[in-house]
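Multiple structures are listed underneath, in structure tokens.
Below, chain A partners chain B and then partners chain C, in two separate complexes.
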Partner chain A sequence: MQQIDFSLVDWSRAQFALTAMYHWIFVPLTLGLSFILAIMESIYVKTGNPEWKKITKFWMNLFGINFAIGVATGIILEFEFGTNWSNYSWFVGDIFGAPLAIEGIMAFFMESTFIAIMFFGWNKVSKKAHLTATWLTAIGSNLSGLWILVANAWMQNPVGMEFNPDTARNEMHNFLDVLFNPVAMNKFLHTITSGYLLAAIFVVGISAWFLLKKREEQFAMKSIIVASVFGILAAVYTIFSGDESARVVAKHQPMKFASMEALYDGQQNAPLVAIGFFGSPSAERPNEQEFAFKFEIPNMLSYLAFLDANAFVPGIRDLVHGNEERGIISYKEKIAKGKKAIDALAAYKIAKKAKNEQEAKDALKIFKENFEYFGYGYYFNKDPHMLLPNVKISFYAFHTMVILGGFFLVLLMYIYFLARNNKLQDKRWLLWIALWTIPLVYLAQQAGWVVAEVGRQPWVIQDLMPNIAAVSQIDTYSVQITFFLFLLVFTALLIAEIKIMLTTVRKGPEITENSTKK
Partner chain B sequence: MIKILKDIFRFYYEGFKSMTLGKNLWLIIIIKLFIMFAILKLFFFPDFLKTKFKTDEERSDYVIEQLTNPK
Partner chain C sequence: MFENLSLLSLQQYWWFLIAVLGALLVFLLFVQGGQTLIYKLGKTEMERTMLVNSLGRKWEITFTTLVTFGGAFFASFPLFYSTSFGGAYWVWMAILFAFILQAVSYEYRTKANNFLGTKTYEGFLFFNGAVGSILLGTAVATFFTGSQFSVDKMNLVDLTSGKMPIISAWENPWHGLEAVWTTENFAFLQNLSLGLAVFFLARVLALLYFMNNIEHKAIYERAKKCLKRNSIIFLILFLFFVIRLMFIDGFAYHADSQEVYMQAHKYFNNLIEMPLVLIIFLLGVVGVLYGIFINLFKDSKKGIWFSGAGTILTVLALFFLAGYNNTSYYPSTFDLQSSLTIENSSSSQYTLTVMSYVSLMIPFVAAYIWWAWKSMDKESITETEMQEDDHAY
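Coming up: the complex of A and B.
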């Protein structure tokens, strides 16, 4: 391998992050709004009240705008795999093939077919057939998400595969292990329910705008009731699945967990930092973050991670330097084992070419014994601290997500309570908060993915492949050019989305209904 | 069978024809897909291993070479 070009790695990462973050602006609204539509249309079919049809059609138009602008933005990520991350793409082998193929088929047949019926089928198919199409659109788009998240979860916790040293590819040995990977199941549920929460706040926020403008008040109140109940349920489950997620991370990605809490020294009865701000690092430890202020909840981190207030939570120093008493091996040892695996793979390849079966067999044995630390080998003769994620970003992103998640639940509960008692219209300050919570829920979504992806650095595939080994040996400037091209294209798409949405919202449901009828 | 296909065609045809907002959205989708597939994919995102090597064997040899010679 040529000299590691960190600027190439960094630009490739930046480009992937940019694309993924823009993609994730569009996706969660599709996931959640599709179900809100289905619920609203179900009420219409059950009651026969045309007001609910009007409500459904208005939100369906906003769903359509978001879907149209966001569709296929994720394909760019696949382009990047093949061009910028070719070693990784090859190494992943057929693991991604099955989930992504299923996702493609699902997306095409379920979403495309049923979305067409959903938009074009009013008055052309029966009410029940139309409603079925709306529900299937919602289920289809959510199932598409499942396969993408299964692929992502495999990177966080690679299971169900065996590495083939002849081809340098991982081969899937157990599809069910990949599908029911504990990280995958939890990630899927946490991600989709957070999408439901986003959509609920989107509907509540826009409806609040109508109330502020004293327009379409009946429409707005009905929308708020449906969205706030949906949002409260989604928020509760998002918090519940987030709690479960913390345990999964603590088990499978302890460094990410320690970074999320900036926990340097492992401890029993570890407290949870509820709120904290970093100051300047000390002179003795310039690479470590130090709190200038923090508010802690005693024992809570131990309980959160292991459901036991007395449990030991390993800190960053325990993980880097090892902790014999707790059975944690140091990064130095892991690096040595990883280097053995890399050297054994090279020896195996040479022996195979020389047709020396015994040497190949011996090398393969060493390789298999050390494969679980394969990725650490790339840090041989390097500072083990290079294996740490950015603690500051992980901590702030995690706490932003959690604090906002709690705020959303309280806000939706209060809004629902007032709406049920017909007092919401009088609370203009609350309506303004509801409206301005829309950007906050997008911020929380992005923060969640920052925790998941920054927190696992430098791993592209946990413990097996770091980003420095995954990247293609291409010119940095070509990645820089495409980074700015994407920035341009995605920003244009986002501006188009916001502009078209605002125009549609300003027109309101009456106009939308009439224009659909034309 | 032909009747079913005709009905499906008419369903989509009339659906697209009656669109108001949707026409602008389709324009955006078409422009976006053109930029993505006809410009970005074609000129900026060739598959690194597919363009550099002809066979899977060559590709795996190259990746193993890359993976086993870290600097």
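Coming up: the complex of A and C.
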């Protein structure tokens, strides 16, 4: 394994990132809009007012256009674990496969069965049965979010398992530990509430367009009231769970945390860089990012990470080179220990084959002592800096997400306040802002996943398996071909989706209601 | 209750579930078959709309079954996931492309300003119908004919040989596509005959489904005409596959040493040694034929129920032949000892136990799908409904 095909690793990563990013364009809207639909339809069933049925159907139409393409990109992600990360699939399949299967059995069927009733069942089942189907579609899609996020969280913080040297893989020992992994719970809540926030802004933004055009004002105002209340609750929760996320990351993935803040030297009373821009790196430290400008809040980073303004936050240099005083061991030592673990596993296998029980036992002991650094061993004789994530991307993505998140809350609160007092129609500038916030909320969503996934590189499984040991053995050109094919297909479908969506919006709810066949 | 089962019993139980999902998937491929018949059966725009909408209310269940089939295989036999998906890369990728295109085509086909045009989306549906079903059938045929791969878990700890530390390697540059031209033991004939048989079966099932689901005389008559031809082609291909299967050597393994070896007439022996599987198989084949028969000669609309159930039983039996009775279900012709069996490729006892509890949800899932379909299919698809439904595809 002296020769690692980095181009294969990079293209495999690119393909997965491409699929995940496209997938995440569509999924958050599905997560949030499904609940907004369910709320709107509940109002319709409760009040019997056909105006609410019209509103529900209009948003349901947009939901349908968006949903199909989310499904399409989702299946690719599931299969890509096998097609492009075959080693990974074996190394952790015993744990990782379970949530994926549960997602299918528990959530996808619910979603896909009841969505058919939701779309086509208006005149076929009773009002209440239809409403139940709409709620179950929402619950189903959110449940699928739960299981895939449990799986993702496990990669970031592997718990509830033990390595079995005989099968050369990690095996699950406690399902509840996997499910209630602190990273999982937090990630789930943060991710789905951010999806609700996106859907709320989507509804508010499009409704604002109707107000700007002075069309369908009653429809638009009703939609805005429902969506802004839903959005404010979602934004508050997204911010709270985001704050909690920071602490979870600081605890379990200190390198990701340091990268998010571009903190090179660890310190007590660490300040938070609220806004910052990088200049060009200095000649002495060409591999490090340097701020050209930054605005800091004193003590805030220590507080954010450990709820203690005096706490020590380790920086990238502490983590790479070690910090004896703080009990942090260097990457070099971790690599040596990882190598020991890998060699011991090899020795164990040989001894087992030769039926030499004592040697096998000794090797196993060494293996167990060093297992927590297993993945580092793959960087033996390599520069430890290869183990760093991209600091620039992590920093900018993190700050984009946080700043936009705060902005969304303020915007939604202001809009709700004005809408309640019937003053929203007069504030045209605000309506324009609401409309143009739609692309921003998509940007914030993507930024969130970039922080989560770029920040944890190169770990596919934190500390246990780096991406270089996870890929499938395929020719790089094969992955390049499929990458560009995916890019072409996804982009064509995205353009189609946006065009159809815009046309449907322009037609408005009346036409949607009365159109017989498109 | 599952805690008391042995590892082997759990492995067998999970192979049973994989077989059930695989069997349901093949039955549900009637959606794919139907997608290849839209122009054959629909001569006017309205007729095509009725056909597409009739399928459009079912396609997601087929899609979801495929996703769950993948997920369940991952959870229960991860070494298959790792070896086959990462190895037969091009086959799985082609299947994936076919399915991405399908997912959007229903929704976008007749929408205004849909960028690629109605004909393109109909082309996508045809592509998915043909390529999806043929490739899935061909991929399953390799369960009997084998593929060229090697598995060595020690590669994970090999830091010195200059190789990538990869456990499963495909030993053929075509990454799965070779299944359609591998001449060794005439494997390509076996693979292609099953692939095409699945395709024609999907069309037969689709015709039976349309005859049941759509209230339209002209479509019914055209479907009936089409049914005869497609059934004959299906039967020829299927019989060729099955008869040949009874005569070829199969991949067996010794229960105690786990050593894989070639055994003459292995699949025939499996049928004889597992009489229950033989009964399931025969019942299945009779079911499929009876369904076709009553629609063709008795003017019935109920054929889909018999042929559908028959399909499920037949495919179940084929999966049982591939994986039970000490048979390697994913054999390697490159290195016999790398072949995958339900014993050497499964998840751990703990995971299989947990997942077995999860599997208890399956009957509930089946029940609500049944209820949903029943309420949706109370009335057949009619022209009037197409004109009134504001979410018609």
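The definition used in the following text is that the second predicted complex is superposed on the first by the 509 of 518 C-alpha atoms of A that agree within 3 Å, B and C clash if a C-alpha of one lies under 4 Å from a C-alpha of the other, contacts with A are read in each partner's own complex, and residues count from 1 in each chain.
Going forward, contacts are C-beta pairs under 8 Å (C-beta built on N, C-alpha and C of every residue); 3 or more make two chains touch, one makes a residue touch a chain.
A quick note: this is a predicted structure, and the numbers were derived from the prediction, not measured.
Peer 1: Please tell me, clash or fit, for chain B and chain C sharing chain A in the overlay.
Peer 2: They clash: once the shared chain is superposed, the two partners overlap in space.
Peer 1: Once chain A of both complexes is superposed, is A:175 in touch with chain B (first), chain C (second), both, or neither?
Peer 2: The second partner, chain C, only.
Peer 1: Is A:167 contacted by the first partner chain B, the second partner chain C, both or neither?
Peer 2: both
Peer 1: For A:475 in the superposed arrangement: first (chain B), second (chain C), both or neither?
Peer 2: A:475 sits against chain C, while chain B stays out of touch.
Peer 1: Please name the chain, chain B or chain C, that touches the greater number of residues in chain A.
Peer 2: When the residues of chain A touched by each partner are counted, C comes out ahead.
Peer 1: Touch check for A:308: first (chain B), second (chain C), both, or neither?
Peer 2: Neither partner.
Peer 1: Quick one: from 59-67, 95-103, 203-211 or 311-319, give me the piece of chain C that collides with chain B in the overlay.
Peer 2: So the stretch of chain C colliding with chain B after superposition is 95-103.
Peer 1: Determine where on chain A the residues touched by chain B overlap those touched by chain C, and list them.
Peer 2: 1-4, 61, 64-65, 68-69, 71-72, 75-76, 79, 82-84, 86-87, 89-91, 116, 119-121, 124, 167-169, 342-343, 345-346, 349, 377-378, 380, 469, 472-474, 478, 482, 485, 489, 493, 496, 500, 504, 515-516, 518
Peer 1: For chain A, which residues count as touching chain C in their complex?
Peer 2: By the definition above, chain A touches chain C via 1-5, 8, 57, 60-61, 64-65, 67-69, 71-76, 78-79, 81-91, 93-98, 100-106, 108-117, 119-121, 123-125, 129, 133, 164, 167-169, 171-173, 175, 339, 342-343, 345-346, 349, 377-378, 380, 469, 471-475, 478, 482, 485, 489, 492-493, 495-497, 499-500, 502-504, 507, 512-518.
Peer 1: So in the complex, which bits of chain A are touching chain B?
Peer 2: My answer: residues 1-4, 61, 64-65, 68-69, 71-72, 75-76, 79-80, 82-84, 86-87, 89-91, 116, 119-121, 124, 166-169, 342-343, 345-346, 349, 377-378, 380, 468-469, 472-474, 478, 481-482, 485, 489, 493, 496, 500, 504, 515-516, 518.
Peer 1: Any idea which chain C residues touch chain A in the complex?
Peer 2: 49, 57-58, 60-61, 63-64, 66-68, 70-72, 74-76, 78-79, 81-87, 89-90, 92-93, 96-97, 99-104, 106-108, 110-116, 153-154, 156-170, 173, 175, 347-348, 350-351, 354-355, 358-359, 361-362, 365, 368-369, 372, 375-376, 378-379, 386-392
Peer 1: Given the complex with chain A, which residues does chain B contribute to the contact?
Peer 2: Residues 11-12, 14-16, 18, 20-22, 24-26, 28-29, 32-33, 35-36, 40-41, 44-50, 56, 59-60, 63-71 of chain B touch chain A in their complex.
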